[in-house]
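Shared between the two complexes below is chain A, which pairs with chain B and chain C, respectively.
For the complex of A and B:
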């Protein structure tokens, strides 16, 4: 098992991070753009997984945090602030908004919480399209400053590596154990003295801050944002799908999910026939995962490995 | 005073529709402990099927409900047999798996609508779409009035089925205690499929009604799903009357917001969510409890 060798895993992670950071010296811009998209997806999926996977609170309203990050950066940049300097504030605002969302909705459990978060996403999008300081539904363009892709690429890769490392560390920490207890049986966890609401709020804030930071980098990279792009329901949707398809609650699952999804997305954008059927693809994937392998690609991979290693025992066990 | 009357009348008319679509969600929840996210997709599909019946065969949207309801009952029945039944169920609280499965189904339905009807905004224009009549001194659109009547008829029929027929009795029994119902010889599995069909039919009927009032796209239905959810959270799901009252409260607040404040109408869709949040803050224990009140947790008898 990979998970039993933390040191080997750490070395692999550092090697991967170094390779990615050195990639701009070798690879073409188009390829780097694709890596940027994958890193962006990894941040979203892994950050969502902190709340959705570790603590088991499935939220379909994460585009709200992404949008808040993006809008913070864009609005401040328009007032002359250096875009990268707005990153901490974007993260902080994302975390602050997570309390606004979490305080009422964490009173709901399981699927009720999930539906309420759809409402959060909708309310924020309606608000951002309706008020004037966000530029309404036509969105805002960042000031035409010199745009540095290399810096954005590096930031996104560093953020992605940081989120995955954080997720791995959190999962093994006492904090992660408390979250796992909440996921498995919230009543039992509270009986053991875990303040479930406080833990949920804390991990929600953490994951919202990370998503908001990614949103900030998103705004810098694309230079133009609108409620239709950053507050889109489909965005919330793919943030949920990536970890679930990859393997919810694990560290590697969301990463695999993000890689598969961004690859599909890049492929699909280049094929017109597929561009119109991505919802079908997402939906079918979700149905298949739920029916046949709730542990996602990672669970499927493990099952295949086990079947390959011990064919005799599998035959007996089945 | 006249403005208030107008708001009340309009809210009452909208409530008939809201109650129809909420009750579809409530029936499925009650019998199967499933939150049907595909509800939004069925609403949307109901609207498109009504549109097609109108465009191709010139069938009046309100008459076509007679076709739409049994068609979607069958669709719901089959969906339950093919998909929903394969998931573990019967717990006291709904499972995340079923929620996500039906979420996937919703996406597939959306894509289906994009493929069949395209992404353009559609609407149904009947000869009476623009007509209005006087009702207690308030100008009311004819379609709004017809939608209310159709919604009310649906709810009355439903009430009759639930209270007077064996199917209704069996459904209530499964809702109250699935295991006890099975011990009494109720085929809970078949009742579940029928309830899912019924909920689907109600959603499609509500979608057909919506199509006479609003323009729609394949993306349509999400805000109505939230409204329905808000209503059943507020009102509980024990009775048709409770759902109707919840529907009226929401419709009243939405209409009042438009009539008495300067808040732009585009914010109207946020009312249901805000109401939900306020209710949650004010009655912290009350609402999840309202969901669970229907059945206490029992060990499975197997």
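For the complex of A and C:
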């Protein structure tokens, strides 16, 4: 289950992480903003992939966790708590809510589970828009304070690196093997002693906590949140699309999906006429992936590499 | 009956909406027995196994294993107590290698073993089930005979006290069936009690100590193989013509 050159990959990953962390010293703010967006997308895609990719449970309700993290931080900051100190609580509340979602919905299988998660996500959004402590549909603003972008940038990059590292480690661990068994045949997994419900709840909680932590950093970065921005159904959809387009169930796939997705979004948001069409473009990409390369961009890349190597080998042999 | 039976089933019933798949089935299995279960298609044999291991919850009745009542427990908890089954329609983890498939059983089904001992056990089971040369092959590419043996290897990896084999000889050729019978006897020698469902009457009679005969979810006979297959009720329900019994494969 581990790649062919684990050590070489590890070195490359560490080098990339160091470069990203040193970037604020050399790069302009606009560029750093873009890297922040990519890191944010990487956290969401890789965290979702733990449940959706490794365990095969496709949830389209992940904006709920993002929103819970963002609101935890914003509401506590308004009561005078240091925003970064709220991260653990945000993660914990995200995990706690994952049980509220998971306990009833994990009884359902396949598409029924997925549909139920859409319902949960929407219910949370409607609830958040209707109650007063969230600021209703007009949202809430973080307390005015000196905002340190460099700190937020570093936090998001560290979180992204941590999530990808965790995903890689998890995938090769016994825990990951149990998730793979559940994905491939949940009844056979149970028949060999795997408590499938417990494993699904555990990985759901882990993944929700990571997404909630990202939501917390999101609130600190934008200083303003509303149910329409953090509990958005389109956001839930994007979180699913990134790993699927990149290569579901792999470690690198969600990262590639997040990079492509963020890049498209950044480019298109800068053109007013195209502002809302990134989802259309992404939808097209999704259809193409499902039709021609179910293993996503990662599978496509591997196929291209093989195709490029083959003629060379033939030439050597001849 | 002598000592307390290892497995004791009382009044076991299973209803699916209007259909009564099992109706008040009673039987005991002693430690070290090979206990065959016969019956026509739809007699409730696989449903019986599913109820024993907790894959299905029985509608009524009880199952005692080593004196503990286990009906109502989930499947994984029953496996942890030492009662496991194989699937008639094989269910390999297709994207895993043969070794990984068996390792899942060894890791999650059994307790208190170090990694080295587990790996040794997995390798030993692959050897014994004739899958060693396929160890690193993806399970999705195995032949049906190999998949049946993988089911057995995976279940044995959980270190059960009782293994329920659901038609492990289905679809096998005569020489493979002889191999399977040998394998079943070896399993018993290892100290594992065997319950087996088999369509292949000759094989069950040849290998079982006792046989239970089901028809329409009810027990119609139980006892030594030759007594059961010559029972007039059994002959009428299943075998039809007594001459078939002497026939063979």
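In this section, the second predicted complex is superposed on the first by the 306 of 318 C-alpha atoms of A that agree within 3 Å, B and C clash if a C-alpha of one lies under 4 Å from a C-alpha of the other, contacts with A are read in each partner's own complex, and residues count from 1 in each chain.
The definition used in the following text is that a residue touches a chain if its C-beta (ideal position, glycine included) is under 8 Å from a C-beta of that chain, and two chains touch if they have at least 3 such contacts.
Every value quoted in this text rests on a predicted model; they were computed, and no experiment measured them.
Colleague: After the chain A overlay, clash or fit between chain B and chain C?
Modeller: fit
Colleague: Per the contact definition in the header, classify A:196: touching chain B only (first), chain C only (second), both, or neither.
Modeller: The second partner, chain C, only.
Colleague: Could you tell me if A:188 is touching chain B, chain C, both of them or neither one (first, second, both, neither)?
Modeller: second
Colleague: Should A:174 be classified as contacting the first partner (chain B), the second (chain C), both, or neither?
Modeller: So A:174 only meets chain C here.
Colleague: Is A:104 in contact with chain B, with chain C, with both, or with neither (first, second, both, neither)?
Modeller: A:104 sits against chain B, while chain C stays out of touch.
Colleague: Write the angle, vertex at the C-alpha centre of chain A, between the C-alpha centres of chain B and chain C, to the nearest 10 degrees.
Modeller: In the superposed arrangement it comes to 70 degrees.
Colleague: In the superposed arrangement, which partner chain does A:13 touch: chain B (first), chain C (second), both, or neither?
Modeller: It touches nothing on chain B or chain C.
Colleague: Does the superposition put A:122 against chain B (first), chain C (second), both, or neither?
Modeller: first
Colleague: Going by the contact rule set out at the top, does A:268 touch chain B (first), chain C (second), both, or neither?
Modeller: Touch partners of A:268: none, neither chain B nor chain C.
Colleague: When the two structures are overlaid on chain A, which partner does A:259 contact: first (chain B), second (chain C), both, or neither?
Modeller: In the superposition, A:259 contacts neither chain B nor chain C.
Colleague: Look at the residues of chain A and decide whether chain B or chain C touches more of them.
Modeller: B
Colleague: Please give the least Cα distance, whole angstrom, that chain B and chain C reach in the superposed model.
Modeller: Least C-alpha distance: 9 Å.
Colleague: Which bits of chain C are touching chain A when the two form their complex?
Modeller: 53, 55, 74-77, 79-80, 84-85, 87, 91-96, 100, 103-105, 107-110, 154-155, 157-158
Colleague: Per the contact definition, I'd like the list of chain A residues that touch chain B in the complex.
Modeller: Chain A reaches chain B through residues 56, 58, 60, 103-105, 107-112, 114-116, 118-120, 122-123, 126-127, 129-130, 233, 237, 244, 276-280, 282-287, 290-291, 294.
Colleague: Which stretch or stretches of chain A touch chain C in the complex?
Modeller: 174, 177-178, 180-181, 184-185, 187-196
Colleague: Quick one: which bits of chain B touch chain A in the complex? Just the residue numbers, please.
Modeller: Chain B residues touching chain A: 35, 37, 83, 86-87, 93-101, 103-112, 114-115, 222-223, 225-226, 229-230, 233, 264, 266-267, 269-270, 272-274, 276-277, 280-281, 284, 287-288, 291.
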